[in-house]
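Take a look at these structures.
Here chain A shows up in two complexes: once beside chain B, once beside chain C.
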Partner chain A sequence: MIIFLQATAEGLALGAVYSLVAIGFVLIYKAMDVLSFAQPALAVVGAAFISALAVDRGVPFWIAFIVGIVLTGILSLIIERTFLRPMVGEPVFSVAILTIGIDILLRTVLDNWIGLNPRYLGDPFPSFGNFGSINIGGVVLKYLEISAFLTAVVVIILLSIFFKKSKYGVAMRATSFDQEAALAQGIDVGKIFALVWFIAGMLASFAGFFITGGFNTLTQFSFISALRALPAVVIGGLDSIPGAVVGSLIIGLTQGYVAYFQADMESLVGFPLGSGFSLVAPYLIMFVILLVKPDGLFGTEEVERV
Partner chain B sequence: MKPLRKQGIIIFSILALVLAACGGGTTEETVEEAAPEVVETLDSPAVTTAAGVKTGVGVTSDPCPAEVGGVPTMADDSKGCIYLGMLNDYTGPYAAVAPALETAQRGFWMWVNSTGGIGDYSVVIREGVDTAYNPQKHLEAYNAQREEVAALAMSLGTPQTLFILDEMDKDNMIGAPMSWYSGWSYKSVDRGLVVEFGSAYCADGMNALDWAMASLPVDIKTIGIMGFAGDYGTDWANGIKYAAEKAGVTVAWEYLPPTLEFDVAQAVGLMVTQPVDAYFPAVGPTQMAQVAGGAFQQGLTPIAMMAAPSYNDAFVAEGFALKPLFESGTMYNMAWVAPYEADTPAHATMRATMQAMGLESASSFLVAGWSSQYHLKGVLEAAVKGGDLTRAGIRRAAANVYVESDGMMLTRELGQNRADKESFIGRPDSSAGSGTILLAGNYVGPAADSYDWNGGPCS
Partner chain C sequence: MRGRPNLYTDYRKESAVLPNLTQKFWFVVLLFFAFSLCLIASDYWILLLTTSFLIAVAAWGLNIVSGFAGQISLAHGVFVGIGTYTASVLGGVATTYVIGYELDMIIWLPLSGLSAALIGLLIAPISVRLKGLNLGLVTLALVFIGSHLFSNLKFITGGAGLGRKAAKLVLFGFDFDEGLVIGNLILEKNQLTYILALFVCVLAGLGVKNLTRSKTGRAYSAIRDGDIAAEAIGINLFKFKSSAFALSSFYAGITGALMFSVSGGVEPGTFNLIYSVTFIAIVIIGGGGTVLGPLFGALFFSLMPGAIQTAMHSFGFLGQDLALSLGQIERVIFGLFIILFLIFEPRGLWGIWFRLRNYFKAWPFSY
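Our next item is the complex of A and B:
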């Protein structure tokens, strides 16, 4: 039972981190009809800003943390203004390819800066408790993961309030429904795009911190963890924020349970599932869900008039 | 949006993502090129004494340039020049270490040139060509240099070097690898073209287990193995499994996914659900820190015997959260050669040369670069002595020659069709510039000692 709870705790924490990236995916998709592959790179860029400020420059961690997240948002905004804005009206495939290019560009620059040695972010989490963890009834909870979970919950609540109560939030929703109608109503769609990218960049940065914080370290391979949020948005539905959260939790929990119970599963099915199955399993779930619900669990169902 | 379009985006997105993550894959390319006739055989006598020296591609009677890439060559103007190629990773996952490897290699030949060169020749490495650690680009980089060099000073990566082996075979091009695959010691794999140095992961794996059992105050009954399949993990795992079988140790689990599919949660999950007395990681620094830290948080501190790529001196740097864990006496690292500070003539020469070049680092990658050139130097010396500096002559020399390294590695007989079995074992320690204190040098455990090294590669 304790191992089950442990796997659940780790799965929820993983899901929380994925959800931060996944919400960024969804925000951009809803606003621009494009899946931005630059999100994983932005996640590690955020971590790099924090590391550069806190460790290399000696800035107090919490200041570096806030500045790093804002800087990532600004970088994301600049990317939208310089690379994406000229692509308005172009086929979405072209724009998606462009975001892959941006992802590679960011990671290439970043990889040179990171180097081969792991970089740490200078956060205090590993100094709390037992190397950054607490044991509750035999279940080890990591402070960094608890923080990731709480951050994800707070971010989701704040975004919900923002979308419902604020002028720009309502404008973003209007833009996501129908860009032309939004324009006709006097909404500055360009400004909304910029705001979406700014928020998505900051969310990616939060995720980047939780992926690389503590002793996880920032390396050239850190972006892969952020990349794993992709099946989450597909499972949840590309245009649904609640879907992104639920999809992320499904992915995280699947990964967590397979990580701890693969041997039992193999005994059950009678054949080996292979190394790396914990990362394959979420994709299997994604395929099954897409077979049943092609738009994802919470995605808007499209009706094509013949 | 139309459903089909949305599904198209999803499918396209996943495919594009996989491509982006994998760096473009490794599409095979057939290069149509007539193989030059090889008149010598690999079993020809290697070393003779000839009056004149026959030369070929990559060897000139003109002197070497005074500098390459801004680095002085110390070449003798009165001597000819032997040009070496370099297939380095400037933009891939090992881009960060490329400068250290290259600097050490250029420094090595600078030292050789300043101390008399190779016969009537100085030696320089041409400007390196980027391989991005990608087999296809590795082949392109090889093609860019194949008509200009007598041999390769470095071919980085096992799969990458295997990918160009056919072309090297056609060209009689030998080269020093920057990888420690056990197959490099066997003609059945490398066709006598790869000038190996140091022990392979397989022997390191055997020695890691035997040394831990003999030297540590822990009764090791069950172990776990983790690593990257397809790169160095398989060789390492096979060595450990052999030693475990000999010692009656149970291998509780093996976790060997491809590099990009390695899941830290699963690695820690295995350690939690199937606790072991010791585990043997052959992973990268990212995974190593997370696995070790994750296990420790769960109250698990089994002995960790790390393969060389798993350890990084940043783990014992001031400020790193896990420094106390890495220095706790439960973690040890394997290597094919002693660390930077070691007391051998070769290490002293290396340190002096690096200092003369203005370097203050004690990086293990400098040691890797420097040590990789010793055996190549021995081959070139044998080829000059044999009077044949054509590629075929160099290849013939590499097929049967004793090579020295001023104490850095043991004397090795190239072409003997057996891998080295000696390993170096260290302990993470911040008091050393390299982050490692040497505990055992040229260690050979019972498994490595009894293993039939004439039987072929471990994987």
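Our next item is the complex of A and C:
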């Protein structure tokens, strides 16, 4: 039972982190019809900014944290402005491939900077420690995991208020509903695109911090964890924010349970699933769900015309 | 040029593989030139050309399914991997931890293509169910499932980080390692593999060209341009999408079988997402939906490292401490080219070639 609770807690924390990246995916997809494969790379870029400032330059952690997140937002804004703006109206898939090109660029430069040794991101509470953990009735919760979960909840609440109440939030919803109609209403769609990418970039770097913080460290393979937000988005439906959150939790929980119960599963199915199966399980789930429900659990069904 | 080379008096002549004399002439000249390159080029460039010919075969495969039939596949690298491992098992040497049967190339080469095609056929029904981006995402899942299998089936692949030796190049009992002596001419292993790669590449290219002028090829284009409309005019979507996937995987399997036999060994980590994306990028840079495009793309991709090295050598940069290593510079340039081609020249290198050709056709007149 304790193992089950432990797996659940870790899964939820992972899911919360994925949901941050996933919401970025959905925001961009809704606003521009672009599936941005560059999102995982942006998450790692955010972590790298924080690490470079907090550890290499010795800037106090919280300043480094905020500056890193804002810098990532600005970087993603620049990417949108230079590379994606000319592609408005092009087929979805070409733009997706273009973002893979951006991903290759960002990651190559980043891998060079990261080098072979893992990098740390600094400690937000030097006396308290994000490296530490708390023990509740046998379930060990890392501070990092708890804060990841809380951050995700706060960010999701803030975002939903933003979309409901603020002028730009409403404009963003209008743009995602119909670009031309939004233009006709006097909404500056270009500005909305920029805002969407700025928010998505910041969300990605939040996730980047939680993926690489503490003992996880920043390595050349960190982006693979961030990429796992992609099956989460697909499961939930590419154009649904609640779907992204639910999908992320499903992926996170799956990963947690498989990591802890793989031996039991193997005795159930009767053949070894192989090492690192918990990392592939999300993609298996995505595979199955796409076959059953091609638009995801919460996505709007696409109407096809000849 | 005499007469009227562009006047076709019957359909057969117009749809010929090489419709006019100019094309026949240049085809033979280029073939002869490519063949003689193995005698004059240095070992380094021969190796680069060999890989580019083999990569072109896989790129043509992807072009069949994505460029002609319009079905997105991010899992092309996995099919290359399936071909590689079929060949390695059938033609490789057994050790204490991997299996291998040391068969002849004439057996393992077709079989590795066929096994990849078989897996492709298994995947194909998905493409009937899903379209566009969703299909791309499912194939993305396949990449991860595939590389998980590759790194865990240790008796076939040797396991992650270790890898195994690929198939031995033995054709009809003749070992490529021994080299060939014809009179005064001594052909070493790399020259022999070059000739083999060239042969396979030309064969594959002619196959693609043939496909475009057949009923199947026209059905593919119809599916790409609008699959509901294609179904309405009586094209069996299931049949043609399946055959597109099978054919494309066959090409990928052939490439996989030969490519790693040339380089010697293979590690399962090779067949990751980037590897599959490379093929998409090659098709995009070369020009999708054309016959020559993937060949251009493959030549560009494989010769780029050599070109960069030569350029850096002549500018005196080589050996200096640069911010990025040579491999990283290649990747940055590669990534940049994907982006730039998509924005400025969606038809790829083929589009540039097409405009150049048309410009010089009527030169110095504008039309």
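The criterion applied here is as follows: the second predicted complex is superposed on the first by the 296 of 306 C-alpha atoms of A that agree within 3 Å, B and C clash if a C-alpha of one lies under 4 Å from a C-alpha of the other, contacts with A are read in each partner's own complex, and residues count from 1 in each chain.
Operating definition for what follows: a contact is a pair of C-beta atoms (placed from the backbone, for glycine too) under 8 Å apart; a residue touches a chain by one contact, two chains touch by 3 or more.
In this text, all values refer to a predicted model and were calculated from it rather than measured experimentally.
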When chain B and chain C are modelled together on chain A, clash or fit: clash
Partner chain in contact with A:Ile102 - chain B first, chain C second, else both or neither: second
Which superposed partner A:Phe287 touches (first chain B, second chain C, both, neither): second
Contacts of A:Gly276 with chain B and chain C, given as first, second, both or neither: both
Touched partner set for A:Ile3, first chain B, second chain C, both or neither: first
Which of chain B and chain C A:Thr254 touches, first, second, both or neither: neither
Chain B versus chain C as contact partner of A:Phe93, first or second or both or neither: both
Touched partner set for A:Gln39, first chain B, second chain C, both or neither: neither
Which of chain B and chain C A:Phe83 touches, first, second, both or neither: second
Intersection of the chain A residues that touch chain B with those that touch chain C: 35, 92-93, 96-97, 100, 103-104, 108, 111-112, 230, 234, 238, 274-277, 279-280, 290, 294-295, 304
Residue ranges of chain B touching chain A (in the complex, touch as defined): 1-4, 6-7, 9-10, 12-14, 16-17, 20-21, 91, 93-97, 229, 253-258, 260-263, 265-266, 268-270, 272-274, 284-286, 289-290, 293, 296-299, 312-315, 319-322, 325, 365
Residue ranges of chain C in contact with chain A within the complex: 72, 126, 129-134, 136-138, 140-142, 144-145, 148-149, 151-152, 226, 228-229, 232, 274, 277, 280-281, 284, 323-325, 328, 331-332, 334-339, 342-343, 346
Residues of chain A that touch chain B when the two form their complex: 3, 6-7, 10, 14, 33, 35, 37, 55, 92-93, 96-97, 100, 103-104, 108, 111-112, 114-120, 122, 126-127, 130-133, 135, 140, 142, 214-217, 219-222, 224, 227, 230, 234, 238, 255-256, 258-263, 274-280, 290, 294-295, 299, 302, 304
Contact set on chain A toward chain C in their complex: 35, 83, 86-87, 90, 92-98, 100-105, 108-109, 111-112, 230-231, 234, 238, 272, 274-277, 279-280, 283-284, 286-287, 290-291, 294-295, 304, 306
